[in-house]
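Note that the chains take the letters A, B, C, D, E and F in the order they are written out, and that residue 1 is the start of every chain.
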Amino acid sequence: MELFEKLLEMTAIEAFMSSPLSLLMLVLSFILLYLGIGKGFEPLLLVPIAFGMMLANFPGGNMAVVNADQVKDFHLLQIAREYGIMNMLYFTLIKTGLLPPLIFMGVGAMTDFGPMLRNLRLAFFGAAAQIGIFSVMIVAVLIGFTPKEAGALGIIGGADGPTAIYTSIILAPHLLGPIAIAAYSYMALVPIIIPLVVKWTTSEAELMINMKEQESLYPSKMVIKNLQRVKILFPLVLGFFIFLLVPSSVPLVGFLLFGNLVKEIGQATNRLYQAASETIMNTATIFLGLTVGATMTAESFLTPQTLLIVGGGFVAFAISIAGGIFAVKLYNLFASKKINPLIGATGLSAVPMASRVANEIALKYDKTNHLLQYAMSSNISGVIGSAVAAGVLISFLS
Amino acid sequence: MELFEKLLEMTAIEAFMSSPLSLLMLVLSFILLYLGIGKGFEPLLLVPIAFGMMLANFPGGNMAVVNADQVKDFHLLQIAREYGIMNMLYFTLIKTGLLPPLIFMGVGAMTDFGPMLRNLRLAFFGAAAQIGIFSVMIVAVLIGFTPKEAGALGIIGGADGPTAIYTSIILAPHLLGPIAIAAYSYMALVPIIIPLVVKWTTSEAELMINMKEQESLYPSKMVIKNLQRVKILFPLVLGFFIFLLVPSSVPLVGFLLFGNLVKEIGQATNRLYQAASETIMNTATIFLGLTVGATMTAESFLTPQTLLIVGGGFVAFAISIAGGIFAVKLYNLFASKKINPLIGATGLSAVPMASRVANEIALKYDKTNHLLQYAMSSNISGVIGSAVAAGVLISFLS
Amino acid sequence: MELFEKLLEMTAIEAFMSSPLSLLMLVLSFILLYLGIGKGFEPLLLVPIAFGMMLANFPGGNMAVVNADQVKDFHLLQIAREYGIMNMLYFTLIKTGLLPPLIFMGVGAMTDFGPMLRNLRLAFFGAAAQIGIFSVMIVAVLIGFTPKEAGALGIIGGADGPTAIYTSIILAPHLLGPIAIAAYSYMALVPIIIPLVVKWTTSEAELMINMKEQESLYPSKMVIKNLQRVKILFPLVLGFFIFLLVPSSVPLVGFLLFGNLVKEIGQATNRLYQAASETIMNTATIFLGLTVGATMTAESFLTPQTLLIVGGGFVAFAISIAGGIFAVKLYNLFASKKINPLIGATGLSAVPMASRVANEIALKYDKTNHLLQYAMSSNISGVIGSAVAAGVLISFLS
Amino acid sequence: MESINQILLLLVVGMVTVFAILSLVVGMGNFLILLVNRLEENNQKQDKVADAHAAVITSVVSIVTQGKAQIVKIIKTK
Amino acid sequence: MESINQILLLLVVGMVTVFAILSLVVGMGNFLILLVNRLEENNQKQDKVADAHAAVITSVVSIVTQGKAQIVKIIKTK
Amino acid sequence: MESINQILLLLVVGMVTVFAILSLVVGMGNFLILLVNRLEENNQKQDKVADAHAAVITSVVSIVTQGKAQIVKIIKTK
């Protein structure tokens, strides 16, 4: 019998009995794994997040990220000794805010500003589509979130994973898990959310506005004679102004533009491009996913706040999409060269999924209306828009 | 003359005179380099280990890993300042237990569970072949090792580098160097050890049991209609039960299964697979090798314990192989569908070398007896077996 | 009006007004970017250095590396919390001296000692070309630099980026920025500096010495029957002696030779070669560049010392080149098999640029005088020469 | 002697656990194979991504990425 | 109520800033395109690396690297 | 003045060391070349992996890895 007791003691079975909610968390992690693997919802992030969540919820596995108060003033070797490698990774890579800028460097190295530069005018709509961030923030304050928490919740409406994670780390690290889950899930659900909001807010006539037709009716005078050179100068000059006006966005936008710069320079900095877009990006994604997942224990996740975040995140997405659409409608009231409101719908970012969805919707109404290149313009500018919005929130709230 | 004194002072010559054993360590490091490069013994590990050993034994080079007591409560910047970069790397990456799980993630990403799933029954023999671990542990306690040291010594019989290193880090970090050397050396010597043990324990008739013949005599009813889907579900479901029953094995098995999962999902998580199997794996291998090598200074390595570890490691390997073989013999007593005892011999792991060796031996006795696919089943299950055994040891002894 | 005030407060505009010199630093960073991107001056290093410099000089961006005294006894999580991720990276990766050895590992993995082994005699001139290091050091002490600072300044004459950075980190971290800039800029300017010094110090007759002609007049008896095996043994045996005589050079030379070893072993250690020459190298280059750049704030950079470093660095380069040339001339006085003085000019290192420049100059005077392979010998030995010189400086001054 | 008893117990616990886990590997593996086989039989008729649909996806990706990306594999997710 | 006022102000500040930055994106982008177009027109005649020169570079690299490296792209830098 | 003397001494020590190390490079290099040449001469007759043996290895690897790996190089180790 001693043997059986020893065996039982070693297992996590008794511990599960005393905290049965951990089992619920395991079920949730399997659901997320199903969404990531079976349904293809942002698998690069959802699979490691869900796996980290699973590991964290086995009592005795020593993989759950502990409350920051527990490791106050600990140095990282102490954290590793007391709470294991997952906490070491979390407090070194995530809590310090290191990984989101590194991932943004990779995003920059994989972003082509070409479509935006060819349709610069449309970049405006990436601004209007940030309205969901601030609207939901206000609602969140009204229903009892602190301003910091409200800001972190609102930023889900920026439809940008690293931006949402970075903002949460700084403003409300205790909500990091649900915010990351909500951000990536809704980004994966963009093919459902955008058509829904579009149906509520636009008419068939508007959706039939053919971008190429408008282009030939009112041709742009602008010709780009050396796109490559423009693309090298663009991150430098743009950086100068953004850093000047919103210095708190430097960690995100700075690394984004650096990654983009080493890509556009080409062969001469190819080694840096490889590091930014592959080596660092892929490694950072694994560690970000696993550690963010490991923050989601029953105690930290199964709270009313999580439900509000999941709900609020959806509202923020919807308002952002509607914001972009109404900005286009407003523009169309005054301009003779009309814009398809779908171009506004992609302003929230979720690159490049949103653009593909917009393109598909447009083709349904007019088989010749290939507006993908146009949608990419507001789509990409939405990334800059939400990173700047994050900078403003951090600057005012932290 | 002042010049000559100054020059001499700068060199390591005087220091070597006061610690001539360091020269012996250099000779050992060159022998290991010869084995790794000239003889092809696990060069990926033995070359960096030997090089780290060489660097560590030049007095004044500041590359030897110091005793953990000397850096008690130091944070890593202090360690770097006082004891240089090798200690910084060692105490951050190894002493915390970080690298072995990361390497196991890579092992998982390079492991195909297919051969095991196609011959599941044979996976049992990966359990019997762990007996060497526990037998040698008992002997070690009897001859005076502490239980923790004995557990770390026994785990050499698991024939799995990262598992042995991880267990040593936790149970007996002062023995890490010789245990790592013994583990990787005997894994390299599997082509010599397995034939030896097989000769001692099996008859020619047994070695002539033809697996494919048995298969056609007693065909299995099981058909796998979608191996890919099974391979995705397998790490998840298996993980659930292992983590539940042996939560202390989560750092090893959890990362192994995560690496395997991102491989099997395929294109959707290819970036994670790249990071796990290349970027992280290769980088971790360099740092693991160099720092483990750098723990082997004359004081820490030239002890009677090292000889006992080298001897005990060999015995553990031999017993594990014999354990697997006898388990097959026992099975054959009762079953009509016979199994070649070589399938048991590969249960200790040392993937895939052990399977190749078993295959070669079988072919010597029967030119049609290609049992590689069968051997891989117990071979791979032996990896899980020893990781679980390590979890049990850690859970009971640490 | 409150709105406008709030907006202004968020920006860096007011801060720039109180520290207008930061604007000058931004101008300098754009000049460096122009040199790196537009002129192709060592873009792999100058682009990240310049970008880091730009980020650091936006007040409020929290990207400037602070004085080491400010973070005395801080552990890295504290540094991250108080001073942001750039300081975290700097104090973990640079101040500890970690990255230059890792980069040297990559340099080793990309260096082929073949040309040097085929023309071993010429390797001597890599020694003479280190004279610039020590001469400028003496001058620097005379004009008021401390010996440590003088050593760090002199090492620019080694024409080797990682060596210069490593030496500065240890001897004079407050001068790291300008020394790194000077080292990489003059390495990029080698196509201008070498011809200049050659013109001042050599006659046309000397430049017309045809290496292949000399070779056929006085053929070498040495034949290499198995270059591959020599190349594997070479780093090991050479390492033994260098580590014995100058143990303080182990962090640089040890990692260089390890990288070279895993390259020369070939397929068996290909994974380590990949990690050394790609994964670690590229990642380290990004972080080295950005953080070194981020040390250059107006306060730390706009000092008289910076001008002296820029001037002294040039003098060190010139003296080193002349040193190599005069060593050849001296040799030619006594030997009948003459050597083209351009072989001496490449001894300072700046591999492989210096050799290409020497080759081009030689071809101007004699269209058949392809001396590239010969120049590579002294060129590569110059890397070892300056790493050893750095070891001596560190050993005596730190 | 106490210590030796503990260590002997550890041998038993260890081998029992290892056998238990590898039994689970075998059992679970067989169960998963059967489960997936069952699912396969049900889904077999509807499990191909229509060729026409695939062609559209391929061409869209080609446009978006200006020919830099290509479709390696299309997985039906619903 | 204080807090709500602050948050409303933050909405205004935030949206103003985002619009300002994206106006800069548009303005700056147009300016850069025009600037580069102007530079292009001036440089157009002298902007090709002579084929002869390229051949020399290619062969030198091939010698230095013993055929292991190849010229991917030659950029004129002055 | 003390300091200047030290620095001058450092110049001498430094250059002497650098010359010593590079002499070792030359000497050691020549020694290794001769040593390896000698070894080569002795081993020359027995230094090839038999083609038949290589074919077996290649096919085994191909089976084990289901065609995913290929033999890049076979080194004789004993």
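Here is the rule we use: a residue touches a chain if its C-beta (ideal position, glycine included) is under 8 Å from a C-beta of that chain, and two chains touch if they have at least 3 such contacts.
What you see is a predicted model; the values in this text were computed from it and never measured.
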For chain B and chain C, chains touching each: A, F
Shared interface partners, meaning chains that touch chain C and chain D: A, B
Chain pair among A-E, A-D or B-F whose interface repeats that of B-D, sharing over half of the contact pairs by residue number: A-E
Centroid comparison with chain D (C-alpha atoms), farthest chain: C
Rounded Å distance, chain A centre to chain F centre (Cα mean): 50
Chain D-chain F separation of Cα centroids, rounded to whole Å: 44
Chain centre separation (chain A, chain B; CA means) in Å: 40
Interface hub residues of chain C, defined as touching at least two other chains: 6, 10, 40, 75-76, 245-246, 268, 279, 392, 396
Where chain E touches two or more other chains, by residue: 13, 17, 75
Touching pairs - complete list by chain label: A-B, A-C, A-D, A-E, B-C, B-D, B-F, C-E, C-F
Contacting residues of chain C [partner chain F, same complex]: 116-117, 120-121, 123-124, 126-127, 130-131, 133-135, 137-138, 141-142, 147, 150, 222-226, 229-230, 233-234, 237-238, 241-242, 245-246, 266-268, 381, 384-385, 388-389, 392-393, 396-397
Partner chain A, residues of chain C touching it in the complex: 6, 10-13, 16, 26, 30, 33, 37, 40, 43-44, 47-48, 51, 54-55, 58-63, 75-78, 80-81, 84-85, 88-89, 278-279, 281-283, 285-286, 289-290
Of chain C, residues touching chain E in the complex: 2-3, 6-7, 10, 38-40, 352, 355-356, 359, 370, 372, 376
Touching residues (chain side chain A, partner chain C) in the complex: 74-76, 91-92, 95-98, 101, 232, 236, 239-240, 243-248, 250-251, 254, 258, 261-262, 265, 268-269, 271-272, 274-276, 279-280, 392, 395-396
Contacting residues of chain D [partner chain A, same complex]: 9, 12-13, 16-17, 60, 63-64, 66, 75, 77-78
